Amino acid sequence: MHIIEFIFSPLLALLIGVFFLGLARKVMARIQWRYGPPVMQPLIDIIRLLSQKSASHGVAFNIGLVMSLAGSLVITLFLPFGKIAPMSNSGGMLVILYLMLIGPLGMAISSGESANPNASIGISRKLLLAMGYELPFLLVVLALMKAYNTTSITEIVSLQRDTGWSMFTFPLVLSGIAYLLILPAMLGVRPFEVVNAPQEISSGPLVEYGGPYLALATLQHALALFIGISLFVNLMWGGAANPVIFFLKMLVVFFLGIFVNAVFPRLRIDQAIRYLWRWPSLIAFAGLILVCVTGS
Amino acid sequence: MVNPVLLIAVPLGLAFMVPLIDSASRKLTRFVPVAALLFNLILCIRLIPAVLENPIVINLGGFTPPFGINLFVGPLGLLFAGLISLAGLVVSIYSLSYIKNGPVVKYHMLYMLLLTGATGVVLTGDLFNLFVFFEILCISSYALVAYHGDRAGIESSIKYLIQGTVGSGLLLIGIGFIYGIFGTLNMADIAMKIATVEQSTLFVPMILMVAGLGVESAIFPLNAWLPDAHSSAPSSISAILSGIAIEVGLYAVARIVFTVFGISDIYLFFAFLGILTLLIGEMCAFAQSNIKRMLAYSSIGQIGLILFALALATNNTVTGGLFQLVNHTFSKGLLFLSAGYMIYRSGSMEISSLNGMGKRMPLTSLAFTVGAFSLVGLPPFAGFPGKFLIVSGALLKGEMVINILVGLVLLSTVIEGTYFFRVIQALYFKDGNGEQRKQAPATAVTAMIALMILIVALGVYPKFLADFLSSASSDLLDKMSYVGSVLK
Amino acid sequence: MTGMEILLLVAFGGVMLTYILGRISSSLRNTFAVVLSLVLVVIIALMYDKTGETIFYRGFFGIPMVLRINSLSWIFAMTISFIGCLSVIFSLDYMKVKERTSFFYAMLLLVNSSMMGIVLAGDLLTLFIFWEIMSWSTFLLISYNGGPAIAAGMKYIVMSFAGSMAMLAGIISIFTAFGTLQISEIAAGMSSASSGFKIFIVIVFGIAFGVKNAIWPFHAWLPQAHAEAPSPFSAVLSGVLIKMGVFGFILTMYVVVGLGTYMSLGGAIFSVRSILLVMGAITILVPTFVALLQDDAKKLLAWSTIAQAGYIMLGIAYGTSLSMAGGVLHFLSHVVFKSLLFMTVGAVEFRTGGIRDLNSLGGLIKKMPFAFTGTLIGVCGLIGVPLTNGFVSKWLIYKSLIFGSPLLTFVALFGTWGTVLYSYKLIHNIFLGQLPEKLKDVENTPLSMKLPMIILSFTVLLFGILPGLPLRVINKIVVSLGFDSLNISLWGIVSESGMLNMINLFAAILAGLIAVWLFLRIGARTIPVKQDDNYAAGAAVPRDRYNYTVKFYDPLLRMISPYLRDIFDTFYMKIADLTGYLSNGIRKIYTGYVGNYVMYIVLFISLMIFVQMKWSPW
Amino acid sequence: MSFLQNNIYYIGAFGLIMIGLLTVLVKHNLIKVIIGLSIMDTGINLFLIAIGYLRNGTAPIFSSPEVESILMVDPVPQALVLTAIVIGVAVLALALSLAIRLYKHFGTLDLHKIKELKW
Amino acid sequence: MDRNQLKKWFQNPVKMAHKYSLHVVYFCTGCGIIEIPPSITARWDAERFGIIPVATPRQASLFIIAGYVSLKTLRSIIRTYEQMPEPKFTVSLGSCPINGGMYHDSYNTIKHLEKYIPVDGMIAGCMPRPEAIFVGVTHLWTLIDKDMADGYKRYRSNYSAYRANQEKILGKLEWPPLFPIHGEE
């Protein structure tokens, strides 16, 4: 049973991630009054990409990407999907926070070796954006951990079953709002789509990826989407006992993200940081203070 | 038992023999001071056990005190005498090669006179005799400062002379007052009678004497001659002036204040004076770009520190002060001696001209470094135990004022460290002109190595000196036993 | 003659012998230095799990000077000798091209020996003496390179010296108060001392150790000193030397002052503990962002060292067994990965002919793959990527802080993101991106540099995957300082607020890596291309210019740099300037006109007489 | 008036000392300064003599048994003064010789212009 | 996706994926690019066939050269083409790449693009409408199906000739040969 969970949950995460990618394209097309590609299109792309003979820039180019995807896969073992959370007893939220570093870092090393300045610019923006949303995000997470007095994400989820969604319980409501405000940045959707920016820096870190590498990068993107949404649902929307309910919750969050993506233009990176460090951070900070004051 | 009078008589006699010896053999002249001081050193060492048991009192001419002039060879006096002979010996070895041009005969003569005067000051038990020896010390140092006969030497010498003469005049007036009041010049006798006179009467003579001796011992407002004289004298003489002359002045001040007057109300004032001297000396040194002037100002600072230590008048601090004094004699001597050859090689006294000396004269630079580290008080060199004792003694008094003063001492140590480290960096880590490597002559190197060994030995095993210093400090502080042993 | 005395004798004797041998033959000296440092490692390793005290010297005015060994000393001594050994090995090639190598080796060994003396010291006097020897020998080594190193050395020694003077004041106050300097005896006296005295002791020792540990606001000396010192020594400097401050803090707070007293010292809000914690937090936050501004590789690492010292400070000052373990473990971790980073940067500097400017390097990964791997592992440790030692130690620190003071945790966590940014800048600007034309003949890392890198990289990973190894020793320290024992297993730690299991994580990540790698192998074969075969809108890549390194994080830096002025550095420099002005002013009293001088004498007497007549104080 | 009479030597002595000191302080010709020092020395010598002086006293020699020691002037200050005079002469000679050298080097004796060593 | 295509998907997923996931890099030299935006936006929506524009040749599988090719742009075209991962397809748009079109007598345009890089399909017209582009793409699908879109293979096997042609008109090229050149073939 356990071993099945170990294999199953990353695959499920990949599947959902890829599905979300396809759905995103479809929904975006519909919003733009287009017919749109089939939902399976990302899968088709991945198959095509795997069969292409790409150029490799070196060992670190490969390893970084592998590291990135592997890191993201490991996170899925820690995140409860419904009740499926095979490694939740090996470390809590802190481990997840740190594992979340591996993804961007591996990508950064890999695309750094590709020696393309566009990639470097993209990575620089990616890290800066992460810096931007990490400030409010950490405040939110700390408020949560302080409020529930645990660092284990499964416990946070199970505690919410008694108290209701943390987003709508009193001391955490501000943190919830802040989390919502930074969610687009964490998912990397449009107002904050500064990293890839195909029109500007030739899709940034992905500029030198082709063939299998792009496939891996796409999967990594899909997983990042999954992790971002799943984390939000777990932390703020009470997770779920049932994988189906959980998936539905994720879907709602995902649609929210897509709608924002569809209607907003892109910010510059400094505008993005300025935004993230202003209102979301202030609200998150207030939330943390609120939690500290009421909690003790 | 050997007679301590020889400590004065032999160098004095040999000093006047120097011209005669010179006329006999020109080569021998240079070795006269070495021989005399070696003799003195051996004498001092041989006297140590006896003196530690009981101070030796010699009545000159058979008159018993208070009528006659007496020599008092206590641990303190012997410490100074030994220090003078040791430093004098090392410097005279150094001078063997360093002093080559100019009136060499006169140099050696005056040099020995200077040391005779210094020895006399520390051994005498009579106020006027002290004045006389003091004048011998001063006059010979005026002349030695002007030894090179260059602009700076003459200028500083005349300035030194004017101030020194004013100072000794004041001293003499003070002695006159004392004599007028007590009718005696014997220090022990005065010390015994001092309680019979109202304190306020004694103030004027005391302040006159302190001011007079203060000029020689470079206490703050009276020390303006020092940087000039020390910086323009030949380096060997700078070493002696810095290592011996001002210390002897300080000894005289301490003797007068502690033993003769012995009124403890004024000690705190001297502590303040010491700190002021320390701070001003260190800050002036901090702003110098001329190495010898820097060293001279640093001497002022050290004197301030020693004065502070002595003024706290506990056994610990005085021991610490004397330790620091010994360290200062060695370290400053070493600094001046090493700086002397570095200046000789580079031809300029600017610190910037010493850049890269570490490569050209490694041993001399090492000597400078050791001296500087020791003076700053870094372990394992001799400066650290002294500083440790001073600070611990001062803190042991447990008074807030003194604690603050200790803070200032530590602060000034930081300033001192700063300018010494600056020079060390210049020596080793800045690129100088690519001159060839050439060591100082063997005699100079011998002298420097001897001092280095002494400094390191004292730093590693301070106990070696501590017991002796401890009895020296009680000699200074215990007025009654002084009086008792002189007047029997 | 106990092991400690033999150790110190060997260490200090070796210093002299090294210098003397250097006069004879350089290869003999090198061999001897390596052997000596290996012998030291062995001697210390043999002392594992021993405790004891011996009086080794009474020559200092009869004050007994004591050496003692316990688990705290052992772990520090082990680190010192280990890093010392590696840095000597690293120096073999690095110093080949320099002059005055004998001096360098002797001083390097002297610094190591004196640090061992510090950690083995059983009384404060011994500690101070070795402390000062360390200070000045470090000064000589920092200034070694000349040029800008002069100013760096000067700043270091002045601040360090001020710190040691503060320490001297503290030591002597203790001596006068309790009549003993033996650490084991002071604690008894301290418990009955007044709280004012305790606070005084904490402040003076705090200044001394804070300067050495480069805690904000005493950090000003560190960046320049680390940057300008020779790289093997930078590794020692950043790795172990500044950790003497950590040692001192532990000693002062938990041994001298005592755990119970420390936790309750000071007022409710401005307690010593909270002030230290806030200082630690600021030390994390500010230097992390300043590091982002740096263009000099070693300066960047230096600022990062300050920031990491903040983590250690947080762990140690918080004062629970978990945080203490975290602090000490982070010290260990930092030693390993920061030495590694300084060595790799040193290797790059060595091979590129002294280039440290991040803007003019790039693309060295193909030329120096070893150095790249080392840097990558080091950087991962620095960031705290799971499976490196930095992760475990940071986890422990966060874990202990998280419920007590979430804001401090926030600062620490946020600092990690800053760490990611500057770490990536370091690794990107040196190794990634495109190779400048002038560096196309760079050779690979020499063997003597590879060896320490391999050992250190291995250690980073070993301690990351099996944190139980160091944590067992650290647990002993924690217990000996009066804390509760921790529940430690080989692969992690179990505490009431959560557990950590690195083996599981390792297995998961390994499985993930293998799976992804296999997945990559499913795809078509890839074609290796040259570094400059890039997409450049169809153009052939312009060499030397197709690199994005300058102002790597410009948008952020433009926002934050106005807030990052190093006010304390400015403040210290202002003080130095002021002292200069003041001194210059004061020396003007020596006017050169002899009449004035005589006037001073007359005024002195008149003032005295006036005072006496007016107030008659006497 | 009797105060003046009784202390005339002291007044004279201190007058001389003050004059000497003032000369040293105010004059900036080196020779005049040296003269000032000399005057000061003289004053001090006078002061010392005055300490031991008794009005109508006799020489401190026991020439005949009936001479009472109470009427003798104190001999010690006289001995002191002799020494002091010798020292003063030595200093004066040295000072003047230095003044000659100084003039050779600087071409002036104005102490305001001889300020190469300062600060 | 057509239901009756499922069988094909199972038979050869790679080929099908190549057909339905054409990531395009456009080379926009002239008027041809005017016709591209309508084809990828709401009116014609190329994305429903999996055709999307990408930013770099590394990610692309289809290279559309829209418009005339001058000497200067040829250099970039070759470079871009060589950086695309195999399998890759090339389609030229308009008359100019075929025979020079209205620039047939210009001293500075390329008259026959296929001399320098292999072209799998050419869509004639001046300019071709989006519908024509779609027709071209469907034609390319057929070619892919029949393994006839083998431009990249031809490029590899005849690289020496291509390189010679390129160097003949452009002079020395800044980049090294993509494939080893075996003398005269």
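All chains are identified by letter, namely A, B, C, D and E, in their written order; residue positions are counted from 1 within each chain.
Here is the rule we use: a residue touches a chain if its C-beta (ideal position, glycine included) is under 8 Å from a C-beta of that chain, and two chains touch if they have at least 3 such contacts.
In this text the structure is predicted, and so the values were computed from the model without any measurement.
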Quiz item: Chains in contact with chain A and with chain B: which ones?
Solution: C
Quiz item: Among the chains, which is located farthest from chain B on the basis of C-alpha centroids?
Solution: E
Self-check item: Chain closest to the middle, measuring from C-alpha centroids that were averaged per chain
Solution: C
Quiz item: So which one's got more C-beta contacts, A-C or A-E?
Solution: A-C
Exercise. Look at all chain centres (mean of CA atoms) and spot the one farthest from the centre of chain A.
Key: D
Self-check item: Inter-centroid spacing, chain D versus chain C (mean Cα positions, whole Å)
Solution: 68
Practice problem: Determine the centre-to-centre distance between chain C and chain E, using the mean Cα coordinates as centres, and give it in whole Å. | Solution: 59
Quiz item: Where the CA atoms of chain B average out and where those of chain D average out, how many Å apart are those spots?
Solution: 28
Quiz prompt | Distance from chain E to chain B - Cα centre to Cα centre, in angstrom | solution = 96
Quiz item: For chain C, what residues touch not just one other chain but two or more?
Solution: 533, 535, 537, 587, 590, 594, 598
Practice problem: Could you check chain A for residues that touch two or more other chains and list them? | Solution: 49, 51-55, 202, 207-208, 211
Quiz item: Where does chain E touch two or more other chains at once, residue-wise?
Solution: 56-58, 83
Self-check item: Listing of all chain pairs that touch each other, if any do
Solution: A-C, A-E, B-C, B-D, C-D, C-E
Quiz item: Along chain C, where are the residues that touch chain A in the complex?
Solution: 363, 365-366, 369, 372, 376, 380, 383-386, 391, 394-395, 398-399, 402-403, 406-407, 409-410, 413-414, 416-418, 420-421, 424, 427-428, 431-435, 497-501, 504-505, 508-509, 512-513, 515-517, 519-520, 522-529, 531-537, 546-549, 552-553, 555-556, 558-559
Exercise. Using the touch rule from the top, collect the residues of chain B that touch chain D in their complex.
Key: 128, 132, 135, 139, 142-143, 146, 149-152, 154-159, 161-162, 165-166, 168-169, 172-173, 175-176, 179-180, 183, 185, 227-228, 231-232, 284, 287
Exercise. Show which residues of chain D lie in contact with chain B when the two form their complex.
Key: 17, 20-21, 24, 30, 33-34, 37, 40-41, 44, 47-48, 51, 74, 76-77, 80, 83-84, 87, 90-91, 94-95, 98-99, 101-102, 105-106, 114, 116-117, 119
Quiz prompt | Complex interface listing, chain D residues touching chain C | solution = 21, 24-28, 33, 111-112, 115-119
Quiz prompt | Footprint of chain E on chain C - complex, ascending | solution = 530, 533, 535, 537-540
